[in-house]
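One structure is given here, and the rest of the page talks about it.
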Amino acid sequence: MGVIDRPFRGATDSQVRSLLAGGVQFDRGGVGGGDSGPAEETLGGAVRLPGGIAMPVQIERVLGFGRSFSFWPLLFGLACCAIEMMALGGSRFDMSRFGMEAMRASPRQADGMIVAGWCSVKMAPRVVRLYEQIPDPKWVLAMGSCAISGNIWDTYNIVQGVDSLIPVDVYVPGCPPRPEALWQGLEMIRERIKQSRHAYDGLRRIPARETLTAGEAAAPAKPAAQAGVGR
Amino acid sequence: MFAIGSAMAIAFVTISHFLAPTSKNPNKGQPYECGVVPKSDARAPFNVHYYLVAVLFVLFDLEAVFIYPWAISLRSLGTAALFEMFVFIAVLLVGYIYAWKKGVFEWE
Amino acid sequence: MSDPVDHVARTAERGAPAPEAGARPTLAELKERKARSRQRVERGGEVMTVSMGPQHPSMHGVYRAELDLDGELIVTVRPEIGNLHRGVEKLAEARTYHQIIPLTDRLDYISGFAMNHGFCEAVEKLMEAEVPPRGRYIRTIASELCRIANHILWLGVHIMDLGTQTFFCICFRDREYVLDLLEMLTGARLTHSFARIGGVAKDLPDGFDHRCRKVIDFLPRRVAEYERIVKHNRIYYKRAKGVGIFTSEDCYAWRVTGPPLRSAGVARDLRKDEPYAAYDEVEFDVAVEYNADVYDRFLVRMKEIRESCKIIRQCLDNLPDGPFLAPDFAHAMPLKKNVLRNPSAMIQDFVHVFRGPQAPKGEVYRAIEVPKGEMGVYIRSEGGAKPARVRFTTPSFYHGQVVPAMVEGEMIADMVAIFASIDVVLGDCDR
Amino acid sequence: MKVWSTPPTLEAAAAALERRFGDRVLERLEFRGELTCVVAPADWVELLCFCKDAPELAFDQLECLLGDHLPERVATPFEVVAHLLSHAHGHRLRVKTSLAEGQALETITGLWPSAGFDERETWEMFGVVFAGHPDLRRLLTTDDFEGFPLRKDFPLQGTVGGRIRTDLRGRI
């Protein structure tokens, strides 16, 4: 079976949709477990110096501390939660007090992504593509019950929870959650930035299902997995 | 002095290149098209008008670059420099009016 | 083509002051202005395809327009919607009428209650359920509050699309006051689910009257402040005047309703033409402009905010007392405080929660004036508690379809202004 | 008690329709003050054309066009309903036609361009083909979506897509 790394590295749109067809599995796979592949193949995870050695924790703490004060989310609102996200950007709940002033329109300048609203199967490949185009390190906040679990939209065209597409750091429930709830979610993301833990750290690569034909296997033929340092 | 300056610049680039955690994947390399698979290559041919406007902007921006140091040291240069700058601006003004009449700025 | 109705006569008797004939551009003149902007497109030249895609600051959610550009001019637009489609109509067929109400306020989530109101009006027409006067007045107040909140948010986002940031914060500051009122009345900021078949869920909380009057008094001053900032702003004038002209004939053909239609000189407002709730007992004018461009849509919406304040003030002044929810057993839910006391209310509550009100066999179409345009609800019921087919004819669905007709031949910067001026929301559009 | 009565202008319009089409209007229903005309698929465009052009009717706006699926009618399970609105007289009309499986219906985007998206959605949700439609492809669902969702036999959760398959957890 081809091996699909999480998130879909280089998966084309049809692959994302075919994977969605059967519903996608990924288990948290405990910290440190799993065979994360050679350095350049790993997805984020331990910050590696050129020699492949994991960076000492102190430097990572300093970097995390530096990053934590300006988490710039991607300007990406789907549905009603986006209106509450705009209210958080407005003048009463002003999130620019916490350094999240600039909602960057292009993923290249964003530090992370707030998925605000239900994600339909038509939108799924685009959410995955936007997530992948955000430079590391990145964090994802799933805002609203629709992004977390599909909420009442138990229908044919809705992805039941964005965490079957992209690894999610913080879940903010509510329909729509009040701006204060989203603000607390962003504070929790700040904590994760300080500890520089990402949602994709502990993820082992998950085997794809057989529906993926060999030709379409996203990940190139893998060299024998070396014993890398899993985080 | 120059060595320290250039060393710092190079250091900033190389350190962040090594320390930053990166994940290589083909999707990340592709041009950003609002979340959609890009149809044509990013280097698609585009209208020459963009190029004209860009070049004119660079030209008149450089004119401004020359004016700043002149404005700062005007007192020490004396009044002669004042009129020399007017000549400089006049020459560029002729170019500006020519471009305007040529209709470069209208988007027809 | 039957000759178009003489709008001036209709507008005059509607009480809106029709400007003297000289100032008002005739249909022919508007068409000529539009033709001039279209002929710029005929000049060939190779085409650059750009996707103004789902994730774009000015695309109000996830509307995707694939543009073929000749330099800055838009040659063709291929809209693509459906990124937020969640099959509300399929879901509604599996639910009783009471359970559909929470679905409706997630349609146009900026004005939640207006959607509830539309659906309940249609169901009441189907079941011939009667709404007591107090219920109708509370519904009118809540609908008008939604209209104000919708137009203020539209203004903030519209001006932000044109490039400024501070105006967004000014508008959201004022919108928070209206949201506080709605939260006080319905309990939620956006997803109100406040309407019930036969009335509304709760009575006006005490203290609401006082706070509402305070908000209603200072909102017109705020609107005056917006107009002082935006109306004579050189940049806005240049980007909005004479841009995105859409004549009334085109509006009929493309089913463009609401503020864009009223900015084309047609005094068409369902609150006046087919009055529902308490709109026939309230005095207000229809906001009409005549130049059918982005600038006039702004003016129409500002007038509508003022009219809404007037309506709410009149509703608060002569609010009738009596029940706010119809006491009839067959259709309406009982009051919560009665359910715990007397057994008949308990039975009624049990019947309505588990089986749902029974609707007669037949089909009904009811249209009301939601802030974005004209929303029609079509319900076909085969008898029983669940509808056989529900169709929400939401305005944004047709406003999303009209973008190519409005935008081809314009510049990209104009497309941003035009798209914002017709106020498309994707939850409404994709259903 | 609010009595839903048909507006007078609608009576005149119905009479004009009767004169013009006579028995080709298969059925005339009155419910809650709304007039419904059922017509055969062949006369669909002709009747709507008459509705738009005749001065007494003057239906210059198509409110909406929707599809419907009635499985109990085995011969013609599908229905296409059009709601018309007249700005001049201010009255509304509903025109319906019933179709068999796979039977095509003439498109009315020529009369009202607003029917474009409506017809695409009706085709996508019910499978009613509109002959002559400029661009009949999927509108709301993905392009490679199989099946017609709003049919009564289509499962609500859908056959494919979007579901986290808890039954697969741990086994792959």
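Should a chain be cited, it is by its letter among A, B, C and D, assigned in written order, with residues numbered from 1 in that chain.
Criterion: a residue touches a chain if its C-beta (ideal position, glycine included) is under 8 Å from a C-beta of that chain, and two chains touch if they have at least 3 such contacts.
Worth saying up front: this structure is predicted, and the values here are computed from it rather than measured.
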{"item": "Contact-richer chain pair (by C-beta pairs counted) among A-B and C-D", "value": "C-D"}
{"item": "Rounded Å distance between chain A and chain C, as computed from the means of their C-alpha atoms", "value": "35"}
{"item": "Distance between the centres, which are taken as Cα means, of chain D and chain B, whole angstrom", "value": "57"}
{"item": "Distance between chain centroids, defined by C-alpha means - chain C, chain D (Å)", "value": "23"}
{"item": "Two or more partner chains touched - positions in chain C", "value": "53-56, 82, 85, 87, 90-91, 430"}
{"item": "Junction residues of chain D, two or more chains touched", "value": "140-142, 149, 154, 156"}
{"item": "Sites on chain B at which at least two other chains make contact", "value": "35-36"}
{"item": "Overall pattern in which the protein chains touch one another (line/ring/star/complete/other)", "value": "other"}
{"item": "All chain pairs that touch each other", "value": "A-B, A-C, A-D, B-C, C-D"}
{"item": "Residue ranges of chain C touching chain A (in the complex, touch as defined)", "value": "53-57, 61-62, 82-87, 90-91, 102-103, 106, 109-110, 153, 157, 168-170, 172-173, 175-176, 179, 189-191, 426-427, 430"}
{"item": "Chain D contact footprint on chain A (complex, rising order)", "value": "1, 14, 17, 20-25, 27, 120-122, 150, 154-161, 164, 206-207, 209"}
{"item": "Chain C residues touching chain B - in the complex, by the definition given at the top", "value": "40, 45-46, 48-49, 51-56, 64, 69-73, 411"}
{"item": "Sites on chain B touched by chain A in the complex", "value": "18-28, 30, 32, 35-37"}
{"item": "Complex interface listing, chain A residues touching chain B", "value": "8-13, 40-50, 55, 59, 63, 106-108, 125-130, 132-133, 135-137"}
